[in-house]
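Below: the structure, in structure tokens.
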Amino acid sequence: MTERHTPIRVTVWGENRHEKTDAVVQELYPDGMHATIADGIREYLGDDAVVRTATFDDDEHGLTEEVLAETDVLTWWGHRAHKEVDDDIVDRVQEHVLSGMGLLVLHSGHFSKIFKRLMGTTCSLRWRNEDDRELVWTVDPAHPIVKDVPNPIDIPQQEMYGEFFDVPTPDETVFISSYTGGEVFRSGLTYKRGRGRIFYFSPGDQAYPVYHHPDVRRVLANACVWATGPVERKLPMLARTAPVLSAMDAG
Amino acid sequence: MTERHTPIRVTVWGENRHEKTDAVVQELYPDGMHATIADGIREYLGDDAVVRTATFDDDEHGLTEEVLAETDVLTWWGHRAHKEVDDDIVDRVQEHVLSGMGLLVLHSGHFSKIFKRLMGTTCSLRWRNEDDRELVWTVDPAHPIVKDVPNPIDIPQQEMYGEFFDVPTPDETVFISSYTGGEVFRSGLTYKRGRGRIFYFSPGDQAYPVYHHPDVRRVLANACVWATGPVERKLPMLARTAPVLSAMDAG
Amino acid sequence: MTERHTPIRVTVWGENRHEKTDAVVQELYPDGMHATIADGIREYLGDDAVVRTATFDDDEHGLTEEVLAETDVLTWWGHRAHKEVDDDIVDRVQEHVLSGMGLLVLHSGHFSKIFKRLMGTTCSLRWRNEDDRELVWTVDPAHPIVKDVPNPIDIPQQEMYGEFFDVPTPDETVFISSYTGGEVFRSGLTYKRGRGRIFYFSPGDQAYPVYHHPDVRRVLANACVWATGPVERKLPMLARTAPVLSAMDAG
Amino acid sequence: MTERHTPIRVTVWGENRHEKTDAVVQELYPDGMHATIADGIREYLGDDAVVRTATFDDDEHGLTEEVLAETDVLTWWGHRAHKEVDDDIVDRVQEHVLSGMGLLVLHSGHFSKIFKRLMGTTCSLRWRNEDDRELVWTVDPAHPIVKDVPNPIDIPQQEMYGEFFDVPTPDETVFISSYTGGEVFRSGLTYKRGRGRIFYFSPGDQAYPVYHHPDVRRVLANACVWATGPVERKLPMLARTAPVLSAMDAG
């Protein structure tokens, strides 16, 4: 009844730069944010997923053709080094997404090359880093991504992300957040691109323990299930084709 | 360059019930809420619009076939008497919307028969009437409805309307609001139905002076321009039609 | 990893009127169209589904509260008797869809009370019954509904349904058809309404053996899987709620 | 009542390569396809538009910062030289679109750098160049782009473009085409990106007189009106902002 790969093969990509220089981040994420994100997905999916990590400093950013070919869902967290990401690797990730690989873009990943490439817009937004409390409200209550997620998710301390968020009209708006400062943000959005599924989810910042939050981890796990692509990866291609109807058919 | 009627013929429909019994409402809206809404539209559109009003207690609720045939945009505010609205009039309004008449549904109008009829859903939501401050954020900054509207609109006192708002996926999300209590609401939504354009706008309550707020009035005026239907009103109809291609064509 | 009911409980509703009076239909569908549709779903879903049927002439059209409460997906084929369907039953079906039951609306069901109720539009279209050949093209190649479905589906003889199809903007356009006569039709459309999923699929007419077509049966089976609602059925309801943020929170 | 620039300043961009080497194209478009497209827009808009042209071989492809800053709507036809278009010019055009300039992408322009950049997908499709007849059906009958356009537009000879067209879910589907060979294609699509409006329209090939077709010219003229951006061009930008609500407000 399914053509999806099981267990789901998840690759958690982390930029892993703040972790090397910032004591606050090191304390919150001693093994790197990617490790915590991977643990969160494992916690909820258990044997239904095989989760590995890759980081900026790995060879080819850890995203070789082999790794991507064996990845059903890729998650992307980056911030400081967006511009240093190799364009050839971005091409490769884009091609895999359009072929059917799922992609979760997290928080400051809104400004990553891969997200801007797939959206076609500036992906800019308002922001402020002053300990706002974020409430993440569900606006699509039967969506598989909100399964067992409380409404709202209450995140005591967070960076504020506010509208206007310059992205295309989403296929689905799953979450909208408010902040202590009064701002709002479309914080959970889905897009189909080619044969792939993309989920942007804004909660998560290096300076706060957001990826330890049980509800945030639940959302990431649910989103991995939702975004899992079909077993057969296939890039849409230009194709010259013969007519289906001939004069004889039509007559 | 336009097939729209000018000046725009607007009919402001008001239930006009609270105004008859509630001293607070009478003080805020001495001539009825419909009169204030109509003035707000006139204030910004001037000679570009001809605005009249109609109320529940008028004959046929003031919405005769003749009135609707000469209405480019109808605005709808109701609350207490939703269930008493005549089903035949609802049929008539729906037919005009599907034929091309614009419709602005305001605040508690989310629970009107005509809105539920056009949406197909329960149109339910969360609410609380405790003097929340509402901030109305623009999420579609080049939309004609937000022309000259500050971002956010700041409404000092309002009823809270919160998600989940049970409506279909909107064609466009123009505004999202936050409230002092932390809730969010998709407060400005557009829909096409048949040949007609619909705008739902949530700010506006009988117990607060919201329809005196200059930015709210500006939005209503802009929305009248946006929703103005084509001159030729035409209901989509079932039609038996001949083939365009014959065997000879195809050969 | 799932909150869906398994096996999927499908109820196939058939008007079963043509079958009683029309020799052509009787020959094509000796046990009624509903029986053939049910067999088609069983053929592909096997033990993953439990399929029963209900018809217009059954008590309460076979759609009692008990039946609907135990139905994950309802399929609807009607034509001649649309207007005779009991409004109370339509209310009940609508409530179940908005609560999370899946609904497949088939062919001439576009003019059923339940579909018009959920869409809010006239649902009118062009038509012609002259043995057109229909080609059903996939425009969403990674959608679960097109799994193992050839592109195009080739239906040798069909009634023509053509645009303009007066329905709201669909959430997803899965199929678009062409006909020998040159017309086009958005023939596979998905909608979310409340917590329920709706799929409209136009191939299928009483005068042609369309529900014996293996690819059409495959689509129906796939759509049952896709439309299966969550185990917990819940109607969105108006609710007064307390603020999440208090002055102390905000301070 | 409008913030749009009038008359509309249109720049018609043409690759102008086929015209230099191909006798068939030279006969159909003796002054270049861009000249014919520009004439078509002038024919219907008259004094409401000022139309100029620019081509690949002009300095900076004719698309200097000054030209774009004075362009309300840019139309783009290219085919043979897509890959030779300067990336810096593509950056510049993208920035203007996201700031509010309208963009019409024509026919083989689906594979242009600028369209692929704005869509984020492969933009691939099926094709065949064998004198198909194309019928262009309206599926959004009250859209301003279809004003005074017959339904269907009948184009006697055309290249076939067929689904799957690998583009994001459009904001609006205005036209769907069928071909003699039985294929279908979403031939008129709108997208909002940033503050700009984009219309993709597939009819038009160098080997056929499509840009002399009165209905095709009408669509292009209507689309220029529809796509005209706001007077104030503004790129969405990342911005650090102060909270709207302070503790005192909330208290």
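Letters A, B, C and D mark the chains in the order given here, with residues in each chain numbered from 1 onward.
Convention: contacts are C-beta pairs under 8 Å (C-beta built on N, C-alpha and C of every residue); 3 or more make two chains touch, one makes a residue touch a chain.
Keep in mind that what you see is a predicted model, and the values were worked out from it rather than measured.
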Set of chains whose contacts include both subunit C and subunit B: A, D
Furthest chain, CA centroid comparison against subunit B: A
Distance from subunit D to subunit A - Cα centre to Cα centre, in angstrom: 31
Mean-CA-position distance for subunit B and subunit A (Å): 36
In subunit B, residues with contacts to at least two other chains: 135, 141, 152, 162, 164, 169, 171-172, 179-180, 182-183, 192, 194, 236, 244-245, 249-250
Of subunit D, residues touching subunit C in the complex: 133, 135, 137-139, 141, 151-152, 162-165, 169, 172-173, 176-179, 182-184, 186, 245, 247, 249-251
Interface residues, subunit A side, partner subunit D - complex: 94, 98, 111, 117-122, 124-128, 130, 132, 160, 162, 164, 166, 168-169, 171, 179-183, 191-194, 235-245, 249-250
Contact footprint of subunit A on subunit C as seen in their complex: 1, 3, 45, 48, 100, 133, 135, 140-142, 147, 152, 154, 171-172, 180, 192, 194-197, 225, 229-230, 236, 244-245, 249-250
